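I am attaching a structure below and will ask some questions about it afterwards.
Chain lettering (A, B, C and D) follows the sequence in which the chains are written, and residue indices restart at 1 in each chain.
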Amino acid sequence: MAERKLMKGNEALAEGAVRAGCRFFSGYPITPQNEIPEYMSWRLPEVGGTFIQAESEVSAINMLYGASACGARVMTSSSGPGISLKQEGISYTSSAELPIFYANVVRGGPGLGNIAPSQGDYFQSTRGGGHGDYRVLVMAPNSVSEMGNFPRLCYQAAEKYRICAMILADGLLGQMMEPIVFDFEPIDPATLPAKDFALGIQEGRSRRVVRSYDLKPGFMEKHVEKLMHKYAQVEANEVRYESSMTDDAEILIVAYGTASRISKAAMTLARKENIKVGLLRPITVWPFPMQVLNDLASSVKKMLVVEMSAGQMIEDVKLATCGKVEVLLHGRPAGGIPTETEVLQVIKKIR
Amino acid sequence: MAERKLMKGNEALAEGAVRAGCRFFSGYPITPQNEIPEYMSWRLPEVGGTFIQAESEVSAINMLYGASACGARVMTSSSGPGISLKQEGISYTSSAELPIFYANVVRGGPGLGNIAPSQGDYFQSTRGGGHGDYRVLVMAPNSVSEMGNFPRLCYQAAEKYRICAMILADGLLGQMMEPIVFDFEPIDPATLPAKDFALGIQEGRSRRVVRSYDLKPGFMEKHVEKLMHKYAQVEANEVRYESSMTDDAEILIVAYGTASRISKAAMTLARKENIKVGLLRPITVWPFPMQVLNDLASSVKKMLVVEMSAGQMIEDVKLATCGKVEVLLHGRPAGGIPTETEVLQVIKKIR
Amino acid sequence: MAERKLMKGNEALAEGAVRAGCRFFSGYPITPQNEIPEYMSWRLPEVGGTFIQAESEVSAINMLYGASACGARVMTSSSGPGISLKQEGISYTSSAELPIFYANVVRGGPGLGNIAPSQGDYFQSTRGGGHGDYRVLVMAPNSVSEMGNFPRLCYQAAEKYRICAMILADGLLGQMMEPIVFDFEPIDPATLPAKDFALGIQEGRSRRVVRSYDLKPGFMEKHVEKLMHKYAQVEANEVRYESSMTDDAEILIVAYGTASRISKAAMTLARKENIKVGLLRPITVWPFPMQVLNDLASSVKKMLVVEMSAGQMIEDVKLATCGKVEVLLHGRPAGGIPTETEVLQVIKKIR
Amino acid sequence: MAERKLMKGNEALAEGAVRAGCRFFSGYPITPQNEIPEYMSWRLPEVGGTFIQAESEVSAINMLYGASACGARVMTSSSGPGISLKQEGISYTSSAELPIFYANVVRGGPGLGNIAPSQGDYFQSTRGGGHGDYRVLVMAPNSVSEMGNFPRLCYQAAEKYRICAMILADGLLGQMMEPIVFDFEPIDPATLPAKDFALGIQEGRSRRVVRSYDLKPGFMEKHVEKLMHKYAQVEANEVRYESSMTDDAEILIVAYGTASRISKAAMTLARKENIKVGLLRPITVWPFPMQVLNDLASSVKKMLVVEMSAGQMIEDVKLATCGKVEVLLHGRPAGGIPTETEVLQVIKKIR
């Protein structure tokens, strides 16, 4: 466990999922996440798991529905366009309360876009790109180490609440190599408690049904209220964030993922020039760290959201801060990656 | 034109699109919007148009991409699950700057859900269910008359800005019958100005290319900045709303679509009891009437968002009001429809 | 009509279909027949017809089912792999007694094969690659002129018997250019008699149903007996062939399509050397010219089947000749094209 | 092994495949063969195998291509319409020389037809419903016992020659129950010799490529000649048939599958009336027992082909007998099942 290993982000993510007990992966190729299915294609058979390159993205997500309904720890991955195609399926698994895990290694969009790293899928991830009232727990790693260690956390939450959990990464996190230490022992899914919803050979138990619909008047409304109750618990219990030098900060940068690393470097540069900059990095972007940002809104003078998009997370920061503080944006969409000096210049301009 | 006709909402929507010049429809059946493709299947041939029942929702949206690229006024329609499947295509047309028009006659979700009316697809509609930075102009009718007259407005905006425009309705608006007077003369698309992006037989002009990607470093970022500039113009020019009795209102209901009709009836009941209730009804939900709500936040005591969902538009109301006023929710998800007396009770409780 | 025009075989085929009244084409691209859909894509709109590039070969054939059920003269085209994917649909239209027309511009197979001309799809064409008892009328042109003039014959037979009719060509016939004179005036499908099975708006007539199944015990058997009765009529009435120098022939070459042109040249060479060679060229390969071959089996000494395949039509020649004469094969599969001197050598060897 | 068990034909087929080493099944549901995928869905996991309900018939056959290329013993099954959809894939595996095994539990056709037993897919099975020059080894069981024991023979032949091998059954054989004794010990595929074409992790060996095409001029022709050489070997070595009372027969019934059981009963009835009837039952219908039928053509007076189709195998009987004997047909298409007394009447009429 304590072994330190140099890995690519996408491979760390795949290995982390397998260690966390993933035994079923279905997917369809798209750059910049192809290392994930490639890794799974030989790794899963080693542990008795199943890898399927599906006929389409739509097929892949629906196979997840089926495999999850049978109790397996399952996974799919894709990038922007592919994740869009999966939105129907994600809504279905959410409604059927099936725990699934997936990753979006975001590329530049909209459309076919380009294969540069991006954070343009934040709205889709946090607001339910699919139809209906549902939420997905979204973890946003900013290192290869987190790419590898977050899948376990996703499975835990997905199964605890019977929801979808995803990792929102980007092409840079997927492609870069860093040392990783897995912070947990490999999990044998056979040792996990049986899931009381899982289908299979029925032996001396009552019949189980997994479905995402009910036409009985009023049933679905009660069902969604039940879902909302679960989501409220997730919001109460599962918020994660990392704060840096926020105590005396006058300018607070809010950034996640790759943008948070750049922002941290910019913060260091700023501190060298005695500019009091802090950083609040959401680790879960849904549930979003509303309370801590609301608190910080009382102590800082300005907030600067740094995003590799045209401005999406900024809505959550505004919702969190309720007008208490000015919230500014430095956004670079569709493959634009800010540099630390560029962010420093923005800080100097706005302070 | 001044003829008054009794029509079903879905049929009014279809007829309105044809009158507005729609000559290409591709779709796939799903309740509660099936009257739209059924109507189009015989109506479009009457005007020399083309109706295609596509092989799938994904197929339908991609056929729209093609037909729009050739310069036609095009349309598709579906309900929740089908619209989710179209998210990739919507992102593609947005990136390719193709004007398309579509309608979501929302049913209860998430998942397969039920076929009752709902407003649970607000996030998907306004936050881009697809990937990447893009926006869709979203009109929310609340009568059969608007179902029939909004398609023209959608085409106008879609073509002016080369964006997607949609109608966000629900099963109740689609199924109910009301008299309608079309407020415009039928448009012959042959009389519309030629589109300078439209593909076709190339005669003495330079080659045109329609695409949703570019791999040249930096190109997509500039492209998305251009898109953002367009969206900012849409936000500046295209906001529509209806306000009722807001001047002296102490409690302001914010509601769209079917919920706005119920809310208006509740307002009337409240006024009879001398409770000062007003109603702000967004007609476009993107762009959202931010300014008027911000203004009203200074004059009213409380805002009550009435939604047929677990609470989605409320985020926009909070973003608009910046913490200036308490914003409360009465939400009925997944097919729940509030009654006017029910809303009245809520008003009494919160005032 | 009497105009002489230089055309590519694929284009002649497409133009011939349009002149014969085709107003609906759905297809999917594959070499070496892409000129057909390309031509249709701009030609059909000129005459008020509809061209659809379908999502798949399966989609294309099923769209034909629908359009034919509505009474249109319809067409699709493909090459080997694509035609294989259509076999289910061909069986369905045959069972539903819908007149459809399609073309197979054969390439080298099996599998993805190559794009060279071939005659390897003879079995599939004449024996029903699809399931169940049904037959397809198969015309085998050997010139650009026939490529252009046979579609009309196909439509006539398809509609007379309510069966499928196809043109079995090959990549060489599709790609080569020759002068063509269309031997019929363009047909306006609006002037054709109404089809009494055609669906559409029901006005003062009883309901019509088009379907390819019936679960009532015994019904399907009677239905297939009815089909068989039709096929027997086709065999009685629709056989076409061309015979050359058969009167005194000692060696009879049997060849169709491109192979028949090469064989004719070889015959000429042989005659110059006083070798009495004749040629029987089936123009329809189903129904196959059984009787004339049976008759010739009494007068010739040997028959030589020349095929651009490993030997498929030879079975029909053997069935026709009932052991009366030795039947030999010169077959060149998967893109092999015999030369006239090569065939001459074979003749010399076997005589 | 010697255990006697009562099984349904479809289940015997599935169990027989698993015992023969099948470890991968992909399929799509269609009556009357659904017991096969259902059985596989729980049976394969028991032996470490993989069952996939694919997105479509096309998907299922292409997954077989992939799994076979990796060296597994693979299987799919369907009925008429589904097998038609697989024809492209069957042609591809044949060209790629991948050993695959599949079953067609034939229903009444053409089209959607009905779900009664039938033999209407004989042409498709024996003439290559797909494109190009290729052949499939076709075994035609006539009992539950053969349903269970033939898969092993199919795998042996498929792997020996690297071809497709199929079982041509019908709805009656699939649905009826009979005792079965498996005549072979379960085979552990891990003990089978490694396949020298199989893809996988490359360890100290040269790269392998599996493909169904080659664009190098002349290559495909040589490739198909190689295939033809293999098929000639199959014809020389793998013919199987069963003959009953042929020594003194004046009327020879030729029938396979279910029709052969009925014919045998009719033969018994006829013999009781001193009518000298014999039965030749092809067990492989490709390769077809040409020689034995040619021999019998010299000794019998008439041949009667009894088929549950409009007459398809009769072509092979005619090809085998070269006009030496009159060949008559008693055919019952699309779900018609002859009775033994009905066949007896035919015998009496023709003798």
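Following the convention adopted for this analysis, a contact is a pair of C-beta atoms (placed from the backbone, for glycine too) under 8 Å apart; a residue touches a chain by one contact, two chains touch by 3 or more.
Not measured: the values here are computed from a predicted model.
Q: What is the distance in Å between the mean C-alpha positions of chain B and chain D?
A: Taking the average C-alpha coordinate of chain B and of chain D, the gap between them is 56 Å.
Q: How many Å are there between the centre of chain A and the centre of chain D, using C-alpha atoms for each centre?
A: The separation of the two C-alpha centroids amounts to 50 Å.
Q: Determine the centre-to-centre distance between chain C and chain D, using the mean Cα coordinates as centres, and give it in whole Å.
A: 29
Q: Could you tell me which residues belong to chain D and also touch two or more other chains?
A: Not one residue in chain D touches at least two other chains.
Q: Among line, ring, star, complete and other, which one matches the pattern of chain touches?
A: If you draw each chain as a dot and join those that touch, you get a single closed ring.
Q: Taking the top-of-page definition of touch, could you list the pairs of chains it picks out?
A: A-B, A-D, B-C, C-D
Q: State the interface residues of chain A toward chain B in the complex, per the touch definition above.
A: 58, 80-85, 87-88, 91-96, 106, 108-116, 118, 120-121, 123-124, 127-134, 211-215, 217-221, 223-225, 227-228, 309-312, 315, 318-319, 321-324, 332-336
Q: If you look only at chain D, which of its residues touch chain A in the complex?
A: 42, 48, 50, 52-56, 59, 62, 66, 201
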